[in-house]
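Report on the structure given below.
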Amino acid sequence: MKLIDVGDVIGMSENVNTNKKYSVLPFGPQHPVLPEPIHLKFIVDEEKIIDVLPNLGYVHRGIERGCELNDYKRNIWLTERICGICNYIHGATYCAAIEKITDTEVPVRAKYLRTIWGELGRLQSHLLWLGLFADAIGFESLFMQIWRDREIVLTLNEKTNGHRIHLATNMIGGARKDIDDSLENEYKKDLNLLRKKMDALKPVFYKDSAIKQKCEGKGILSKNKARFLGATGPTIRGSGLKEDARLTGYEAYGQLDFKPVVYEGEDSYSRMLVRFDEVLQSIDLIEKAFDQMPEGPILNKNDKFPMGHTVIRTEQPRGEVFYYVEGNGTNKLTRCKIRTPTASNIPALINMLIGYEVSDIPTIVHSIDPCISCTERIVYVRRNE
Amino acid sequence: MPKMLKEVIKNLLSPPATVNYPFVKPTPVPGTRGALNWDMSRCDQCQDCERVCPSVAIKVYPEEKKIEYQPFKCLFCYLCIENCMQQAISGSDIVAEPAYTKIVKVFKTET
Amino acid sequence: MLENISLNTIFSIVLIFCAPIIGGFLMGIDRKLTARMQSRMGPPIIQPFYDVIKLWGKEPFISSTLQPILAFCYFGFSLTSFALLALGQDLLLIIFTLGIADSCLIIASLNSKSPYSVLGGKRELLSIMSYEPVLLLTAISIYYVTGSFMVARIFYLSYPLISYLPLVFIALIPVLVIDLKKSPYDVSASGHAHQELVRGVFTEFSGYSLALIELGHWTKVVMMLSLVSLFWATNLIIGICLALVLFFIVLVIDNVYPRLDWKSMLKTTWSIGIILIIANIVGLIARVVMHI
Amino acid sequence: MKTMTKARLKSPWVLHFDCGSCNGCDIEILAALTPKFDAERFGIVNIGDPKQADMLLVTGPSNKRNQRVLKNLYEQMPEPKVVVAIGECACTGAIFHNCPNTNGGIDKIIPVDVYVPGCAARPEQIVDGIVLALQKLAEKSEKEAD
Amino acid sequence: MDQELLIALTIGAPTLAGLGCLILNDKIARKVIVSLSAILLIGSSFILFNGGGFSYEPNSILDTLVLFFDLMLLVYFFYVGIKFKNILVIGLSLLQLLPVLYFEFILHGVEGTPTFLIDELSLLMSLIISIVGSVIVIYGLNYMDEHEEHLHIQKSRQNRFFFFMLLLLGAMHGLVFSNNLYWLYFFWEITTLCSYELIRHDGTEIAIKNGITALWMNLIGGVAFVLTLFIGYYYFNSIAIDEILKMYQSPVVLLFLAVLSFAAFTKSAQFPFNSWLQGAMVAPTPVSALLHSSTMVNAGIYLILRIAPALNNSALSYSIALVGAFTFLTSAILALNERVSKGILAYSTIGNLGLIFLCIGINTPLSYASALALLIFHSVSKGLLFLCAGVVENRVHSRLIEDWEGLIRRLPATSIIMITAMLSMFLPPFGMLLGKWVAIEALSSSYYISSMLIILLLVLGSAATSVYYIKWLSYLTVLPLDGKNFESEKIPWSYVISLLTLFGLIIIMGTGVSSVFNLLILPTLPSNYYTNIDASIINLNTGIGSFVTYPLWLIIAAMVFFGYTLSKRKGGTVKPPYLSGENVVDDPTVFHTTADGIAKIEVSAQFFENEFSNNRLLVLSKILGSIIIMLLFFAVML
């Protein structure tokens, strides 16, 4: 084992005085602020962060290799388990990729269903995040409140296909389940209820001075830096850039008159507001999708084995997810490359953290909504510009 | 004035949202994906379920007319149910229970 | 007369030994009420006692041989300071004794050489730095009313203390928040460990030393609340109600604020707390001068 | 029942470690603490510090890197302690059976007392699992007292 | 025995012994001379103390001698200024030399005043100086050997060193016994000389620089003294302090007192004159111990203690308190981010002197008593702390408290003594805290309505004080995780004697606080100061509060005993710290980290450098300090 001295690491950052004694803070893999294992080694001057080094690999399971070993149809379930929070979108993206290779036409209703469930997943994920964020900044009652309200979405999941987290409604060529009229009414009713509850929490997020004190100006990520470091999703939208894969109009987004939520603040607070607004936006989108959804079949079966390769990108709650799928005409894929949003947000995170206080770590780390289990494939993190 | 105050007081005055779980069993939502059961009188050992299972929780031994099912490997995705031609597999809305050991359930055709 | 005194003394001594138990119940109420404010059911009231008994029976892990002794001293000195209060002793002495208890906790957490514990200890140091001046000033302002630092003298007043010192009473709220380790000032350690420092000062404590620390914390809470109840010493039952109301206010504050950093803690207590107390004392003196 | 055993049963402080799961079980563990299920009714507190925890909740199949962390955390917990494997992948690896970097179940690394099925395990199942684990804890406690 | 002889002994014995040391540059002879003079000094001051107050006028030849030596001294200072091309020293020494020449040869001075006036206050001071001072000098015997060995000095310069050390003790006795302003001024200048020579003893660049700083700052005080001579001559026609103090309170008297207290501020290193005491750290440890605990800085305190009864509720008195309070707070905050052990002690000294000034400035009987208590307890505790710091420094070869981590294992005996000394600085029921307690009570019960400001500074400073001591304590008590046992420690005999003497004094005075009050403090109060302090064995009653002493000691003993028993009974395995699960199995001091490497645990978080930055604060505090000092003169006008 190589002993990495403080000095060695410090040498990499400019704002360092080597005569000084610094503290080293091993943050993670097991840490109450981070529900997921990631190791961040902080070099701290008193409480000020001088340098951060991330260490990944605690959730690395070899899913891409697993995708090559599995039957390509089973991969839907595996890709759904890349991440339990955004499971639906992972599965749907994988299906879309296979559909693209095998030239399968997806029925329009299935496209709408995918949009609805995708937004439902986003809703679930953002509510989860808002709660976790509240918990991380020490606002326990807000956490409880949001997670209580989040149960509405989970119950909807359960009503749809019998499970709270894993919706498991992805199928190559369409959807596995349909939403009938009675379920549609329940969707509308429950989402209305959720909107009311979120409206009640609006002043807390928009106006509470203590939350502002905790988040405003923390973790600044300027426009240029966000672009340069390849941030995606709410992280880049919080820096005032209008970046959203949904603008490409995949699935039914083209018909829904979708406009991304953008805040100009460049700090943790605006990233939080982006997510809060997207909660409300998702509810709107689902309702709109229900209004426009045509009747018709939901599944177009096509048992062709995938041949050729393709890329596909969709918008996850955390940003853009990218799939590269390559098949050779057998029932096994030759390559399945997945790049998830958190992987591209980590360089931005490292940049955001430097110069802030230890007490800001939870705010800033959570502000990119890290999903480590998404990220854990081969990762190369470039630290310096 | 802290904005959360109203909600907190409201919560304090209204009954808790808690389902007192082990003491009050909530009625399961219809369609809940719970424990699996094989009706061996219908099963024809076609191995379809084994084939579709994403996590190899099912092993079919056609010679012994036996099915080994591992609930601690099962994802409860219900693909096997959907793919069973004989409709021999049924799900229940009672979720699987935790245990001290990893039980393997064996279903055997009575001969 | 003599019988009366001895009865009082016996009552005080019984009270001293009950202090941790009362504190335990208070913490139970705290957890229940907090849960209810978060629309949960919450644990039973005697939950803290289960916790402490359980901790006492755990396998003893320590981070240094000094740690359990210091943990015991934390409990012991918290109890001593409460005892001094119950026996009507000098207010400043009580605050200083509480200072010994806190120093024990901090030294125990600082000397374990664990990054989280040390950072927690540092912040605990700062929380002492923020609330000790306010407490001392409170004692001094009480002196301005009673003409003595002795707690026993407060009982001779014909009007409750709060009628003279309403602003001081308000200034005690942040102190209580810090002492109870509640948001927004639970910077050094929080009950549920969802903060950046894991368990802060308590990180390296486990088993019986943690149980002792918990007992000490309960005693400290009781001691602070009894200090508050002195503000209505003419009728102690009202005084105790007053303390409980303040306790409730602190719980509400805990639930409507996120955790702030230690800088704002220091700023709040050193500015608002001290300004309030000084304003009150100036008002008091002005009142006396006007009267003359 | 002895006081100590009762106290232990009434106050299980849990330590949660994500050993490579998909997050599904992790968020359900958190959900078990939130208003609808409110595990704090049983005195369950997510304590976050192995030195103070009684119960280790592990999710995920564990891999080559985090197995040492898991072992460390287990060793840092004082006796009596119990380990609960939550979710299919913590029990057996399940869906990740093909993935090369997984160990296929945490019982290959540390002794597991209770297995909780489900992918992802529901809060009800988690609460059931903890209750089951408590019985194991009581057994251990009684054994220690003898 | 004859009291005159005793006085001659207290002043002369150390001086002569010093001369002996200077001439006989030999180890053994030095040891004999120093030990003998220490015994003589302690013995004579004890007998003097038992004898009570009196006054005495020595032969007039001595007057001429004093004049001669004084002029020599000033010429020497002038020479130093020329040598180091320091305009301040040149100017300030000329500012004294010329007026003194004018005063003596043109005005012919003032005749006929009892030169030595010995009252309880001088006796108490003499007791402190002789006991603590002698202990430090004895300690120095061994320390200087180690020190020179450490610096690889070939030719020993210890003769010079001990000459000035002992001369300082003699001069201090002269200072506290003198009643004649001129004599006082002479001894005052000798202490300046000694401090300058001792600070620059090592001869390094920084030592010389700091020595010069100390010199010019103290010379400012000297100039102030010369000014008082003239005021005394022109307005009172007397330079006997007791006579001037008895005069009716007039603006001139107040001006006289203000100038005197200004001199005291320079000597006691109050803001903005703090930097010389801070710079004195470069000197060998016995020097700092002597300057900080019992001699140099106490000269200023003594002066103010003496003039305090005459101040009597004036605005001047309040300004003195304000200066003290300001110094107390600022030095406590400055000490927060000090890493050098002796630096922390220096700030602590400055702060505590400020506290004493505060108490004297409040000028009620109670606060006067608390000032005396603080003076006594501070001298002993601070002396011991410095001695311990010296021992540790010579063994650890570092002054940074971060490097003293885990000292309790490496040097258990010294550490325990040191920890006790530190506890005695800020925790009840030790004397220092008791003094602070009396101070707060005195302050609250004082007549000034505007004392709120002082109270505020005091409570804030008091909180900060405990912060830096707790921090230091925690560094000392770290027990490394490698599980090694306590090492045994060898301490040379002179260390043992000096450390144990002061340690014993702390414990005895701590437990016997009541006796200290009854025997030392209450008799020393000026005759018109009545207090209702009632020091019984159980508690110390000030009339407005009571401080439980013996029961508290018993409780502390019980706590430690029960805590120890409990930890022995329950036992426990020492576990590595929580590192988010990334501990390395067989090495508790490192953790797994990025790139499959390991990293050492480094913790250094308690210096608040980003928040209370020293440099900015230092400048600010100096400006504020100067403003407050100006206020002092403004107060005279009122």
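Letters A, B, C, D and E mark the chains as written, and numbering starts fresh at 1 in each.
Going forward, a residue touches a chain if its C-beta (ideal position, glycine included) is under 8 Å from a C-beta of that chain, and two chains touch if they have at least 3 such contacts.
Because the structure is a prediction, the values reported are computed rather than measured.
The minimum number of touch steps linking chain A to chain D comes to 1.
Every chain gets a centre from its CA atoms, and the centre nearest the mean of all protein CA atoms is that of C. As a whole-number value, the distance joining the C-alpha centres of chain A and chain C reads 43 Å.
A straight line joining the Cα centres of chain A and chain E is 63 Å long. The distance from the centre of chain C to the centre of chain E, with each centre set as the mean of the Cα atoms, comes to 36 Å. Measuring from the averaged C-alpha position of chain D to that of chain E gives a distance of 60 Å. Across the assembly, chain A contributes residues 23-24, 26-27, 29-32, 47, 70, 77-78, 139, 141-142, 144-145, 148, 163, 166, 210 that each touch 2 or more other chains.
Shared interface positions of chain D, i.e. residues touching 2 or more other chains, are given as 17, 34-36, 38, 41, 46, 48-51, 69, 73, 76, 95, 119, 122. The residues of chain B that reach two or more other chains are 2-4, 8, 11, 16-18, 20, 54-55, 75-76, listed in rising order. Across the whole structure, chains are in contact as follows: A-B, A-C, A-D, A-E, B-C, B-D, C-D, C-E, D-E.
Residue ranges on chain D touching chain A, taken from their complex, read 15-28, 30-31, 34-36, 46, 48-50, 60-61, 63, 65-66, 69, 73, 89, 95-96, 98-102, 119-120, 122. Chain D contributes residues 35-38, 41, 84, 88, 91-95, 97, 113-119, 122-125, 127-129, 131-132, 136 to its touches with chain B in the complex. Only residues 1-6, 9, 21-24, 26-31, 39, 41, 44-48, 53-55 of chain A touch chain E when the two sit together in their complex.
Only residues 405, 427-428, 433, 437, 440-441, 444-445, 449, 452, 455-456, 459-460, 462-464, 466-467, 470-471, 473-475, 477-481, 544-548, 552, 555, 558-560, 562-564, 566-567, 570-575, 577-580, 601, 603, 605-606, 611 of chain E touch chain C when the two sit together in their complex.
For chain B in complex with chain D, the residues that touch the partner chain are 16-22, 54-57, 70-76, 95-102.
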